[in-house]
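The structures come next, written out as structure tokens.
Look at the two complexes coming up: subunit A is in both, with subunit B in one and subunit C in the other.
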Partner chain A sequence: MNETIRGLVTKFGGLPVAVDQIADDADLYSAGLSSFASVQLMLGLEDAFDVEFPDTLLNRKSFSSINAIAATLTQILDKRDVA
Partner chain B sequence: MDMQVSFLDRLFEAGLLIDTGVEGLYGRSGQFEDVIAAFERLIDRFGGADGAEAIRFPPGMNRAYFEKSGYMKSFPQLAGTVHSFCGCELDHVSLMKCMDEGGDWTGEQKATDIVLTPAACYPLYPTVAKRGRLPAEGGLYDLQSYCFRHEPSTDPARQQLFRMREYVCMGTQDHVTDFRQRWMDRGVQMMDAVGLTVEIDVANDPFFGRAGRMLANNQRDQNLKFELLIPVTSAAKPTACMSFNYHQDAFGTKWGLELEDGSTAHTACVGFGLERIALALFAHHGLDVKDWPAHVRKALWG
Partner chain C sequence: MNMSVSIADAGLMARAARVATIAAKHADAVDAAGRFPREAVDAMIAERLLGIQIARSHGGEDADFSKIAELCSILGQACAASAMVFAMHHIKLSSLVQHGSESAWHTAFMRRVADEQLLLGSATTEGGIGGNLRNSICAITVKDGVCHLEKDATVISYGDYADAILITSRSNPEAASSDQVMTVFLKEQYTLEKTHVWDTLGMRGTCSDGFLFKGTAPAEQIFPKPFAEIAAQSMLAASHLLWSGVWHGIAADAVSRAQAFVRAAARKSPGAMPPGALRLAELSNMLQTLRSNVVAGLKAYEDAKDDPDKLASMGFSVAMNGVKICSSEMILPIVNHAMLICGIMGYKNGTPFSLGRHLRDAHSAQLMISNDRILSNMSTMLLVHKLDTSLLG
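== the complex of A and B ==
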């Protein structure tokens, strides 16, 4: 999952540094992720993983690192499996 | 009949606002204007000594600046563009025929170089950027403009064309966040002086769509926007009469606003919704200013 997320961060994040130089737990906002880029990334993740983020998860924390994004996605996918 | 309609009807009956047939587009009486003028003088008394540079733009802005501002990314539903007839004589004949037949004559109108100003400070940033680097003490500007937002409503506190008075501060992060805090304190003092009970709360702009939900949450998480709220048409849902916004370096980066040392400026603004404040005064103290408490009249008219 993290590799797919990295690909999307590369595509939508608009970061000034190469994504492979960013650790899984590094803060993406500190690395230069803007509010608008985070929205593009959110929409890209929804498309790639065929999910829809609920309003409660549409916040900075959900997209703050590769790990945070993976945790957010896992939370949604787990819920869907249970349902 | 709900409360909002009844307050609007009372304002019409008292002649303070004048119905134009369009929701949120009203004429104002001399008395209404006098309250706004008096409140603006009160603003001057609180902020005048700060030495802000006063600039007044008309309620339309350069469309190129508007496009660059990114307003359409965030608030496409609120924007108003100015279109005009740009055709030849033959086109004019078609236009007249279409209007005579009650058809949609607006489709052939062409966009002009003017967009209605969405917030008083929007034309300021490119104007200041063109001057070059800011002076060592940063920048402080005093603005007022009619602003347009396309949100028809029967709530008199939600008008489509309304006036916004603003102070905009440019400088370092500490400089502009101190400015913002100072005006939050002053806002409470000013409203107290005119007998209005207020609360200040964290807020977000009405960003468009689901992506906007995320932008709004981000804005709240970072405490970028606060509003001073006063009950106007509802005690449960008080109206934002002032807002206090810290833009971080977003406008500084977008427009190339630089401090004296070449670093990117941070910006903040404080906005007064002048009609909303007048409406709060009328809602709270009554529709006849002669009946307002003496201390409120003194604060406004001396």
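== the complex of A and C ==
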């Protein structure tokens, strides 16, 4: 999952540094992720994983690092599996 | 949803009313000269209104945003520039109150603000960045426990009169433009070289001149939290709600003047409905819409304030931005409508019904963080955030 996320961060993140230079737990906003790019990234993630982020998860924390994004996605996908 | 919003207590309102009386007396002179509303700010200090937001345990009065917004409105009915200085001070203070308690220096400074009634200024705007306060060009440097910062601050409201300035910058010279921190510099720790003079259409008394800021201070004065969190969790709501309180005050005073005009006309011609009476009824509805919008915003904040995730959510951000857009857009038609009622007596300066200052002050609302920028941010968020369609939220 993290590799797919990395691909999407590369495509939509608009970061000034190469994504492979960024650790899984590094803060993406500190690395230069703008709010516009973060929304583009969210749309990309929704499309790639066929999910919709609920409003309770639409906050900075949920998308603050590659690991945080993976945890956010896992939370949604787990819920879907249970349902 | 609990619809109640705490109402300012009578003692606090009486203190604000005394300040408002003084502010009203000098409002036209402050506006005409574009000078700092010294008398009104001295009265705020005398009534100890600058520290009310601070917790009682640190020398304050635990006043929440609803109470402070009510005070902004009371002052805004007297002198919008004085009210805006009061609002901006409390917006900066909200950052200190909500994000400073984890640091010994900031906690001690909070107590000083309450004890000494210090006036806090803000330097978020920068040459080359404009009003996009979530980005900085300048960077703070830290060496041997001492921080240093130079900033081309194109706007520092009442910069010459503040006792301390809370200023944003990149967190270090290598940091990305959005990787920001905020630092408190005390008056004796910085110099200001004036670069722009605030000679404007309205809000003239805020003296929001531009300065080249140079400051050196102990590094512990840098807020421990990233500015991104401070901006999202306290500044966004504080700015839009307290500004809206000021704007409600401007609008409410314009409506009062229009009503006084209609009532005077009614007394002159008993038995006949004065010409502006119908418009006054419309005006009362417009003010009610504005008030409802601000109250709903204060309520949304009350509901979210103890939940950092909620405060940082897109839904909350969309709601607060919506409050700002609505109140800043509503005040212009309200003042305009009041002027239609008062006619030439509203257009002329120096009458009891004059509305020129109100109209000019009101024009600042759409530009203080440009509504275009806010709408653009909202439109981005609405690509993923699904609007709350319930009535009560």
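In the analysis below, the second predicted complex is superposed on the first by the 83 of 83 C-alpha atoms of A that agree within 3 Å, B and C clash if a C-alpha of one lies under 4 Å from a C-alpha of the other, contacts with A are read in each partner's own complex, and residues count from 1 in each chain.
We take it that a contact is a pair of C-beta atoms (placed from the backbone, for glycine too) under 8 Å apart; a residue touches a chain by one contact, two chains touch by 3 or more.
What you see is a predicted model; the values in this text were computed from it and never measured.
Using the contact criterion defined above for the overlaid structures, shared-chain residue A:N2 touches neither subunit B nor subunit C, since it reaches no partner.
Shared-chain residue A:V39: touches subunit B and subunit C both. Looking at the shared chain after the overlay, A:T74 reaches neither subunit B nor subunit C. Put simply, more of the residues of subunit A are touched by C, taking subunit B and subunit C as the two choices. Residue overlap on subunit A between the subunit B contacts of one complex and the subunit C contacts of the other covers 35-36, 39, 42-43, 55, 58-61.
Those residues of subunit A lying in contact with subunit C across their complex are 16, 29-36, 39, 42-43, 46, 53, 55-56, 58-61. Those residues of subunit A lying in contact with subunit B across their complex are 35-36, 38-39, 42-43, 55, 58-61.
On the subunit B side of its complex with subunit A, the touching residues are 70, 73, 210-211, 213-215, 217-219, 221-222. Those residues of subunit C that touch subunit A in the complex are listed here as 134, 171, 175-179, 226, 228-229, 232, 309, 312-315, 377, 380-381, 383-386, 388.
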